[in-house]
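Letters A, B, C, D, E and F mark the chains as written, and numbering starts fresh at 1 in each.
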Amino acid sequence: MWVYEKKLEYPAKICTTNPKLAKVVITQYGGPDGELAASLRYLTQRYSMPTPQTKALLTDIGTEELAHMEIVATLVFNLVKDASIEQIKAAGLDGYYADHDKALYFVNGDGVPWTAAYIQSKGDPITDLHEDMAAEQKARSTYEYLIQLSDDPGVTETLRWLRQREIVHYQRFGEALEHLYDHYSKDRYYFMDGKNE
Amino acid sequence: MWVYEKKLEYPAKICTTNPKLAKVVITQYGGPDGELAASLRYLTQRYSMPTPQTKALLTDIGTEELAHMEIVATLVFNLVKDASIEQIKAAGLDGYYADHDKALYFVNGDGVPWTAAYIQSKGDPITDLHEDMAAEQKARSTYEYLIQLSDDPGVTETLRWLRQREIVHYQRFGEALEHLYDHYSKDRYYFMDGKNE
Amino acid sequence: MWVYEKKLEYPAKICTTNPKLAKVVITQYGGPDGELAASLRYLTQRYSMPTPQTKALLTDIGTEELAHMEIVATLVFNLVKDASIEQIKAAGLDGYYADHDKALYFVNGDGVPWTAAYIQSKGDPITDLHEDMAAEQKARSTYEYLIQLSDDPGVTETLRWLRQREIVHYQRFGEALEHLYDHYSKDRYYFMDGKNE
Amino acid sequence: MWVYEKKLEYPAKICTTNPKLAKVVITQYGGPDGELAASLRYLTQRYSMPTPQTKALLTDIGTEELAHMEIVATLVFNLVKDASIEQIKAAGLDGYYADHDKALYFVNGDGVPWTAAYIQSKGDPITDLHEDMAAEQKARSTYEYLIQLSDDPGVTETLRWLRQREIVHYQRFGEALEHLYDHYSKDRYYFMDGKNE
Amino acid sequence: MWVYEKKLEYPAKICTTNPKLAKVVITQYGGPDGELAASLRYLTQRYSMPTPQTKALLTDIGTEELAHMEIVATLVFNLVKDASIEQIKAAGLDGYYADHDKALYFVNGDGVPWTAAYIQSKGDPITDLHEDMAAEQKARSTYEYLIQLSDDPGVTETLRWLRQREIVHYQRFGEALEHLYDHYSKDRYYFMDGKNE
Amino acid sequence: MWVYEKKLEYPAKICTTNPKLAKVVITQYGGPDGELAASLRYLTQRYSMPTPQTKALLTDIGTEELAHMEIVATLVFNLVKDASIEQIKAAGLDGYYADHDKALYFVNGDGVPWTAAYIQSKGDPITDLHEDMAAEQKARSTYEYLIQLSDDPGVTETLRWLRQREIVHYQRFGEALEHLYDHYSKDRYYFMDGKNE
């Protein structure tokens, strides 16, 4: 179970109201490679992990991604909350506004709702960890694109921090993969490079 | 942010391996009215709540639903983990098995992946609380149907506890709706019964 | 079965060609809380209603929502029919135009196609009526947002009328819920407030 | 607008409770080529039709498909209403039951929810009528497959009647296509056989 | 199996960087009536074709659509590759960019991901060929709309060529339908005009 | 463009009609980690590859996956083509049959239609290659699960061959990743292990 702590893992300060930026940042809330996707992927895969360390790793990172999801939501909320109707329209956010006003909803930057088809839980821990390393890369890339699109220094600073955490997660998953290769005593390792299949 | 506590909010003990039961119970994991849907609905709506009490309520219930999601996952995991391939096939779980082995994945009882289209976050707190009360009713009903389908006393016991929690949540949301009517000083209340529109 | 009458339940007059407004109004045609969603929800739930009054209510309101769907379609059609290609592009409607020209299609304001995942039919009439009351609130809210976005007095007038009908439906569903509590002789009523569960 | 008449366009009598048959028949309610798809396709395309006859044709057939949708729903309802939990499970309908009890919901025979992606409204009436003729063929085929799967003479009789209506609709659409070729004075006709492009 | 030849079936030259045009042209890559849809529809239906000529036709046209898909991808790639971030934003392509940078991905002009729900494979070759003729019409119409939206002569030229190929495919499918009517010795033909049902 | 060669890359012989096995094998046709997913992922990512070797690799493997898709389709076709209606029903394939008869359609083992949401094309070649290596692992795992479910030695032999090809692809992608690290002269490599970020 989880206990809520009423603090953001990192600040989500913005400089100016900017619904056009919010419209794209939201993809790390409800998009294919965002924090919701990451959290659910790890929290659902953890049941298949064969060692206490890997179970704990996926639970911990999955839980941290919830905190990241919260930071992204707060960025979006802050960027939109004081926007006028004219600003909303000029930002191309009127389609979203008609359905949600200024509320948070799980979509990407084009309004496509989140689907579990974005993630996978395969049962084979080697496979799952490859999926996880790829997921962290995809999140890193998305943050890089958002940083390019961002014209708000406050938002950029938070995006950079979030991107950095993806890099750390990627490394943790890489170490876990090595740990699992040892756990399976090299059988699995050689099997995937064809030498003793 | 969230802190993980390594315990289930309620036990998820089963009596016997039963993949056919797991196949339907999973709908409260990844189905339209399950715990994931509930959690995400409340955690995303909380940004729109206008008073500290309503923000806190949605955060707390949204956080508790994560614990419920964990209980359902554990039930499914326990029901499937010792199933033989023949049992998997007899249960009609072979389609799921081909994609996921015995891992947990967010689907309903027919294998349809979860979609954010199941939930709404409307920005209007009166509307959102009506959505939430309906959501608790839908969860209650689903637990009643699962209880009818269940032939495992251990599973049934946990399903009954989960159902009971939905009833409590429904009541909390009903109280919050009254609180909001007061907050909006009856304007909103009368407007929806047409008397002073 | 249904008989078609060649008249709109309420006029759908517009003042000026306005594809940018059409782009958002269409969400009450093919969006999550629009008239198609409402109509199909009630017409499919009616099979589960236990009394002639509730069956008739859901059939009647479901049938009226078809008329509302027709009004919204007519608004969109009128707002777009004389738009030039340049107006279409300036409105951000070129994505839609490439797939549909000026035809009507069931999407929301961001082009997301309608899905039955937006609605529910639960079998339990108490649950269904809660879903229906929430649906009317969501429709009301969407009309309020569209009224805020509308800069066409003709469109606004029709949106206000449609919104008012949602309020009336909400009241009818509230009365039906009370009727059902009586029908189930308070067993169901108390069961949901925990006193005699 | 529409007026409801409380009668089925054709009887929907069954001989025996049969949830396994209901599970497949439902595809003509909420599946890709069913009556909902047909109705919505024609009712939405009618706005693009250039002559009063074609507008009226699509409105009339679209309205009749609602009556067909009602017949299919009634078949499913009758086949399931007296089923025991054991029959539901044996029929593989337990996944559906967990989410809907014995209510009607828009899915195909594998529980996939209906999506507007199944239909198209292209704006070009020649294109739309081709889409409509194909739709009637797809409905005919589905009824043929359901007739093969049906072991209930009452159900089979109704399926045969519904299939026959598809054939009539196909012919009406074929005539409408010819009517439109005349309307466009052969320009369009030759353009699609490449002779004067 | 397929062998790749490193050449485009037709050139995909553009005159100017134009992300706003790319945003709509992409619908013939990943949209409902685009080249991916066409290719997969024919390549999957071919298994149901009853004669060597029809099997070969669907394989050949399905294979050619892959080449068309490649041409459309190249158009989009060329239109976007030199776009600045400011051009991307002005084009409303920033939502896409946040998820994909300048990569190619299967969406329509509003960012909706491709789904197999767009196509059908019915098993009945008469039905399938009707579906195919409708598909070619829908593709033709989409190309016409894109030609209207295009302000790049190079792109327009390629779109015209692609449209022309759809017309040829439509004719091939029409001939195949006649061939199948002969194959089934008029039984099928008369059955669909009601005379000897 | 592609040229079709009328031969399977590997035989798809079966021993016995077996619709129950076909029902699960089809997931490597239209499921999340199947050959269609693989082919489209690589063929769409190739536009982002920065070197001739990586462009060629993605094109070649993407083209080979089409051949694999063909083999899987042939297995399914062979397993189903002589099945009686009773066998279809006993296999739980009646839902599929109602919509498709014995035709091939892009679904997974539970009838969920393929969606582009299963794949990603990120624009960053390092990210894409991680996605590709994960995809090959997921395909390997699915083949392993199908081999466990298979009770047909002919099918098993083909599944084993297909699995072996995934392992080879995984290795090719691993080599390509190393090639790209060199291409980007270690900047990218160190940046993802945090040492010189």
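Definition applied: contacts are C-beta pairs under 8 Å (C-beta built on N, C-alpha and C of every residue); 3 or more make two chains touch, one makes a residue touch a chain.
If you're wondering where the values come from, they're calculated on a predicted model, not measured in any experiment.
Going by the stated contact rule, which chains contact chain B and chain E alike?
The shared contacts of chain B and chain E, listed by label, come to A, C, D, F.
Looking at chain pairs A-F and D-F, which one is connected by more C-beta pairs in contact?
A-F
Compare the two sides of the chain B and chain F interface and say whether they are made mostly of the same residue numbers, over half shared, or of different ones.
different
In whole angstrom, how far does the Cα centroid of chain C sit from the Cα centroid of chain E?
From the centre of chain C to the centre of chain E is 34 Å.
Roughly how far is chain A from chain B, centre to centre by C-alpha average, rounded to an integer in Å?
The separation of the two C-alpha centroids amounts to 22 Å.
Check each residue of chain C and list the ones that touch at least two other chains.
Residues 32-33, 92, 99, 101, 107, 110-113, 115, 117, 120, 122-124, 141-142, 145 of chain C touch two or more partner chains.
Can you name every chain pair that touches?
Contact pairs between chains: A-B, A-C, A-E, A-F, B-C, B-D, B-F, C-D, C-E, D-E, D-F, E-F.
Once bound in the complex, which stretches of chain C touch chain E?
It comes out as residues 85, 88-89, 92, 94-99, 101, 107, 110-113.
Would you mind writing out the residues of chain B in touch with chain D in their complex?
Touch residues, chain B against chain D: 20, 23-25, 27, 31-33, 92, 108-112, 141-142, 145-146, 148-149.
If you look only at chain D, which of its residues touch chain E in the complex?
Residues in contact with chain E: 32-33, 115, 117-118, 120, 122-124, 126-127, 130-131, 133-134, 137-138, 140-142, 144-145, 164, 167-168, 170-171, 191-194, 197.
In the complex of these two chains, what residues of chain E are touching chain F?
1-5, 7-9, 30, 36, 40, 44-45, 47-48, 59-60, 63-64, 66-67, 70, 73, 77, 99-107, 113-117, 119-124, 128
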